[in-house]
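Both complexes below contain chain A, partnered by chain B and then by chain C.
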Partner chain A sequence: MTAAVDAPEQESWFHRNQQRIAPWLFLAPGLLFFMVYVIIPVFQSFNLSLYEWDGLGAAEYVGFRNYENLYWELYDRDAFYISLKNNLIWLILYLAAIPAGLFIALFLNQTVWGIRLYKSLFFFPFVISQVVVGLVFTWFYDPTFGLLNEFLGFFGLGPLNVLGDERFVTYGIIFAGLWPQTAYCMILYLTGLNAVDPEQIEAGRLDGAKSWRMLWHIILPQLRPATFIAFVVTIIGALRSFDLISIMTQGGPFGSSRVLAYYMFEVALSEYGFRMGYGAAIAVILFLIMLCFIAYFLWSMYREEKGH
Partner chain B sequence: MFPKPIEKQPRAAQITYQAMLPLALLLWLGPLLAVALFSVKPAADFTNANYWGMPSSFEGAFNYGQVFFNSDMPRYLLNSFLITVPTVIGAVALSCMTGFALGIYKFRSNIWIFFMFVAGNFVPFQILMVPVRDLTLELGLYNTKTGLVLFHIAFQTGFCTLFMRNFIRALPFELIEAARVEGISEWRIFWYVVLPLMKPAIAALSVLIFTFIWNDYFWAVVLTQGAESQPVTAGITSFNAQFRAAYQLMSAGSIVAALPPVAMFFLMQKHFIAGLTLGAVK
Partner chain C sequence: MHSMFKRTAAALAASVALAAPVAAELTGELRIFLDTSNPAPRATMEAMIERFAAEHPGLEIETTVIDREAYKTQIRNFLTADTPDVATWYAANRMKPYVEAGLFEDVSDLWAEPEIADNLASTKGAMTIDGKQWGVPYTYYQWGVYYRKDIFDELGLTEPTTWEEELANCQKIVDSGRACYTIGTKFLWTAGGWFDYLNMRTNGFDFHNQLANGEISWEDDRVKQTFANWKQLIDMGAFIDNHQTYSWQEALPFMVNGEAAAYLMGNFAVAPLREAGLSDDQIDFYQFVAINPDVELAEDAPTDTFHIPANASNKEAAREFLRFAVSADEQTEINNGANLGQLPVNAQSAVDEDKFLQQGFEMLSSNSPGGVAQFWDRDAPAEMAKASMEGFQEFMVKPDNADRILAKLERARQRIYDN
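Right after this comes the complex of A and B.
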C-alpha cells in the first residue's frame, strides 16, 4: 500500500520539475562524451606542455622550457618558424577557394540540359578522401610521368619536380588542397544563388546595372551567409591541413613543407622517439591561433542569436 | 536568376557555353581521370614508359581482381565500414538528444553549452591527440575499432549538435506547447512529436558523417596500427608500400578506397547537399 501512495508523490515531484530536469537528462550522454574526449583533453594538453614526457616513463615538470625551445629552435633547426610561415601561407592562399568556388558556381548556375549532373561531378573532389586527393596529385606532379610535366613539355617547359623542390612544395600541396575546398565553396554558393531574390535582380537590370556591378552590389550582399560559412570552413581546413602533407611529402624535402599540425605529429609520435610535452606545446600554439578565429565565429553567431 | 539565363542570350553564346561545359569538367577532373586510366593499364605499359597512351591491353579486371583478392584491401574496407556505421548511429543518436535539449528548453547555460559544442568542433586535432591516445591506451582500446569509434562519436557530437539544434529551432514551437498542454511527458514529446519531424535532418547528418568518418586519416593513424583494425585511408599507405611502383595497382586501390563515399553521395545527393549547406541561405 505504501508503495502505491509513494509512487504518485515521487512522480509528481518529477512532474513538477520535469521541464527543468529534462534538458539535463537529454544532454547528459552527449555532454559526457564530449567532455571526456574533447574539452578535458584540451586542458590536459595545456598542462602537458609544461612537462617533458616520452609517453612511457615519469613526466618531468619543466615550466615553460618547451616553449623556450620552440622560440629559440633549440631542438630542431628550421622547423618551428618554417612551419609557422607555411601555416600563414596556407591560411592566405587557401582563401582563394572562396572566389574560385563562386566563379564556378556562377558558371554552373544555368538550367541547360544535364546541368544537375555537371554540378554533381564538379562537386566530386570534395567527397573523396584527402588521402586519395594526395595520391592523385603526387602522381600529377611526378617529374617522370606526371600530367603537369606532360603539359609543360607541350610548351617546351619543365621538367619541374614540384614536390622535390623547397621553393614550390608548399604551393603544390596547397593547390591540391584547393581542389576539394573549391568544390565545397562552389556548392555553398550554388545553394545561395538559388535563393537570391529574383525581383532585386530584375530591378537591377531595369536600372541598367552591368554584370560586375550587379554581382558586387546586388548578388554578393545576398550571398553573405554562404560567404560566412565558406570562410569558416576554409580557415578551419587550412589550419587542419595534415593529410595532404603526410601523404604527399611527409613534411619534406628537408622539412620545408611542414605546418604546425604536421610538425606536432612528427615530434610527438615519430620514429625518433616520443616527445609528448614538446608536441603539446606546438599543439597549444596551433590552438591559440585557431582560438582567434573560433572567437570571431562565436561572436558572429552570438550577434546572430541576439538578432532573433 | 543570376547570371543571366543562357537561353536568353544569342545562339553563339549558347553553343559556346554548351561546348565549354564538358571541356571544363574534363579539366576539373583531369587528375582523377588520369588515375582511372592508370588503373586499367597492364604493368608492361609502365615499364615501357607508355604512361599516357592508350592501354596496350585492357587489364581492369586483373588489376581490380588483384586489389580484391590478393591484398589486405577487403579487410581495410570492412574495417572502414565497421568504424563508420557505428559512429554514424552513435553520433546521430546523441545529437538528437542534445539538439533537442538545446533547441527546445530555455535555461541559463543553454547558449554557453551550445557554444562549447561549436567551439570544440573547431579545435585542431593535435591538441587532443596526446590525451586521447593516452585515454584510449588506458582503456585498453588502442589499435581497436572500438577505440576509434568512441572518439569519433564524441567529436562528431559537436558538429551534429550544432546541426540538430538549429534544425529543431526552425520547427514550429506551437506543436510542443500543444503537447505540453495535453500533459504529455517530455520524453514522449521528444519521441513521438519531435523525432518524426527530424527525419530529414537525420538523413542529411548520416550521409555527411559517413563521408567525414570514412575519409578520416589523422585519427586512424594515431589510434590504430595494423591491418586488423586500420580503416582504408590508413591502410592504403601500407597497400602502396606492398605494391611499390606498381602504379596500376596503386591506382586501382585508390579508386576502390574512394568509392563508398562517392556512391553514398550519388545515392543520397539531396540529403548530402541539404546537410552541407544548412545555414548557407537565410
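Right after this comes the complex of A and C.
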C-alpha cells in the first residue's frame, strides 16, 4: 500500500512485460492440452505408422511398408479403396444436409401458433444419440419386417435389402446420417434467419424481388456465416462417420460400407485387429484429407477477419 | 459389463468346519478374471470358486467378471499391468499373440502330472504352442447340424450321412417352400463354421490346418472344390435370404417358425431354441455329412481355457486352481445341464444326460478320427480370419464371384504370412 511508490525504475521483469505475457498466460492451459492431446499425438501416430506393432510385443520398424500396402490395397481395389471411395461419397452426399436444412428453416421461420413445438420436433433427431438413429434405421431397412419394404410393397416394388446389398448400403447409411445432420443445419439457419435485416427485405420487395431472387440475392448473402458453419460441421461430420456404420452394418456386407475411420478402428482396435502401425497409417491418410479442409477453413476465416 | 469384486474365502472358511487338509497350505491373494458374463456361466464359475475357496481357507480370492466382448480388448491391458493370477481365454491360435509376447505362463509342468496328462490328452494339442502348454481347458462344445425333427418327419426325411443324401434332403425341403438352413452372417464367424465343415469334409483336417497356417494357396484346386460344393447348396437356395443382415440370434426365428429346417451351429444354440418354445421332440442333432469318402471326419469343438499370466503374483495358488478346475468331479459339475451345459474336458468326468450333449460327446470321442479343430477364427491368424470370413460372406451372397474372392484371399495370404 505504501511501498508502491518505492522504486519505479526497479520494476520487476514481469511487471514490465505484463502486457505481452498476459495473453500467453491465459492461452497456456489451452495450448498445453492442445499440444498433449492433439499436436503430439499427430506426430506420434505418424511415427507409429512406420512400425509394425500388435500393441503387445516390441514394435518393428518397417519404414513406409504400411503405406506401400495401402497403395496395393488401392491398386487391387481392396478394403482401403472401398473406404476411400465411400468417404468421398459421404463427403458429397452429406452436403445435402445444408440445402435441406435451409429449406426446412425457411419453412419454419414463420409466426404461426405452436411453431416452437414444430421447430423442436424438427430438431429432435439431432438431440437423440446416433446409436438410436442407427438402430431406428436398421429396423426401417429390415428386409423382412422393415417399414421401407412395407412401403415399397404398396407400389409393388421391392423387397429391397438396403443394408445387405453392397450397391445401396453406403447410401442407406448416409440417408440415416442426413436425418440428424439436416436438423443441425436447420437450427444453424434458424438462428441465422433471426439476424436477417428486415429493412433489406423491405427494400428488395420495393425493387420487385420475389421468391427465388429474393432468396438468392437478399437472404442467402446475409446467411453466409451460417452457411459457413453448416459447411464446416457437415464436412467434419462426414469424415467422422463412424458410429452409424458401426451400429448399422459393422462395415459389411463384406466390407462394402467401410469408411476410413471405421477401417482404421477395425484394423487397429477391433476383435481381429491389433495392427497398430497399419491403423496409424490409415489415420495419417485420413488426417491428410482432413488437413485439406482444415486449411481451407482457416484460410477463409483468415480472409474474413482481414476483410473486416 | 462392469466388474464385480467378491471376497468369499473368509466367510466360507468359517462355515466349513475344517476341510480336509491339503498338501501345502496356500496363502495370500488369488485374483481371478473371468469373461463368463452371461448369467448361467457366471453363477457356475462363482460356485466353483467358492468350492475352491472352501478347500483353501488361507487364500483370499478376488473374482472379477468382465463382459465377454469387452474382455477381448481388456485382456491386452490387464496382462501387462495390474495382472490377475488366473484369466480365461481361448485355445489354439487365439492365445498365440499372448504366448509370443511372453504374457502367458508356461504350464507344461501341470501337463506332465499324470492326473492331467492321462485325462486331458484330447485337448492337449489345442493348448500346445512351440511344444509347450500354455493353459488348461475347462469346457468345450460340439458343432453340428441342429434340425427340426418335426419338419423332417413331415417330409419323410432321415438324418443324412453322405453329401448325396444331404443334397436330396435339401432339395425336398426347398421344394416344400422352406430353406434348408438358417444362418446370420452379419458378424461373419457363422460363415466360418460352414467353411470349416465344407473344407474339412472335402479336403480333410490336415489340409484345413495347412490352409489356416498359410501353407496352401487359396487358388489351389482343392480349395476351389470346397467352394464348388458350397455353391451347390447356395444355388439350390439352401440358405435363407438376406442372411448378411442378421446376427446368429436374429437367424434363430427362421428355424423356430419353421421357415428353415436346420442350423449349423455350436451347442449353445440349443438353449435359445428351447426358450423359444421348441421341445426336444422337435429339435434333434446330426453330425455334418461326409463329402469326400477318402477323408476322415473331423469336427469343430471350440475350447474355453484358463491361463496364468506371466506377470501373476501368486502362481502357486493359480496352478492349484487350474488343477482344481480340470479335476474330474469339478468338470462333471460345471459342465452339467444345470450349469454350463457343455462337455467336460476330463476323460474321467460324466457327461450330462442331455441328449445333445450325449450325442456331441459320442460324436467327438468316437466319430471324429480326423481330429478336432477349434474354429476358423481361432485356428487361423486374426487378420486372415477376418479377411477370409468376409470373403465367405460375400461368396454366400454372390457365389459367382468365387474366383475374384479367392484371388483376393490369396493376395491377403501372401501379405499376412509373409510378415
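In the analysis below, the second predicted complex is superposed on the first by the 270 of 308 C-alpha atoms of A that agree within 3 Å, B and C clash if a C-alpha of one lies under 4 Å from a C-alpha of the other, contacts with A are read in each partner's own complex, and residues count from 1 in each chain.
We adopt the following convention: a residue touches a chain if its C-beta (ideal position, glycine included) is under 8 Å from a C-beta of that chain, and two chains touch if they have at least 3 such contacts.
No experiment lies behind these values; they were computed from the predicted model shown.
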{"item": "Touching partner for A:Val112 - first (chain B), second (chain C), both, neither", "value": "first"}
{"item": "Chain touching more of chain A, residue-wise (chain B, chain C)", "value": "B"}
{"item": "Touched partner set for A:Glu52, first chain B, second chain C, both or neither", "value": "second"}
{"item": "Contacts of A:Leu269 with chain B and chain C, given as first, second, both or neither", "value": "both"}
{"item": "First, second, both or neither for A:Ala100, with chain B first and chain C second", "value": "neither"}
{"item": "Touched partner set for A:Ile247, first chain B, second chain C, both or neither", "value": "first"}
{"item": "Touched partner set for A:Asp76, first chain B, second chain C, both or neither", "value": "second"}
{"item": "Chain B versus chain C as contact partner of A:Phe137, first or second or both or neither", "value": "first"}
{"item": "Contact residues of chain A, present in both the chain B and the chain C interface", "value": "55, 269"}
{"item": "Chain B-facing residues of chain A, complex", "value": "18-20, 22-24, 26-27, 29-31, 33-34, 36-42, 44-45, 48, 55, 106-107, 109-112, 115, 118, 120-125, 127-132, 135-137, 139-140, 145, 147, 150, 179, 184, 187-188, 191-196, 198, 201, 211, 214-215, 218-219, 225-226, 229, 236, 239-240, 242-243, 246-247, 260-261, 264-265, 268-269, 276, 279-280, 282-284, 286-287, 290, 293-294, 297-298, 301-302, 305"}
{"item": "Chain C - residues contacting chain A, complex", "value": "69, 72-73, 76, 79-80, 97-98, 100-101, 103, 185-188, 241-242, 244-245, 377, 382-383, 385-386, 390-391, 393-394, 397, 408, 411, 415, 419"}
{"item": "In the complex, chain A residues that touch chain C", "value": "52, 54-57, 69, 72, 76, 78, 142-144, 161, 163-164, 249-250, 252-255, 266, 269, 271-275"}
{"item": "Chain B to chain A touching residues, read off their complex", "value": "1-7, 17-18, 21, 24-25, 28-32, 34-35, 38, 49, 51-52, 94-95, 97-98, 100-102, 104-105, 107, 110-111, 113, 115-120, 122-132, 135, 150-151, 153-155, 157-158, 161, 185-187, 190, 211, 214-215, 217-218, 221-222, 233, 236-237, 240, 247, 250-251, 254, 257-258, 261-262, 264-266, 269, 273, 276-277, 279-282"}
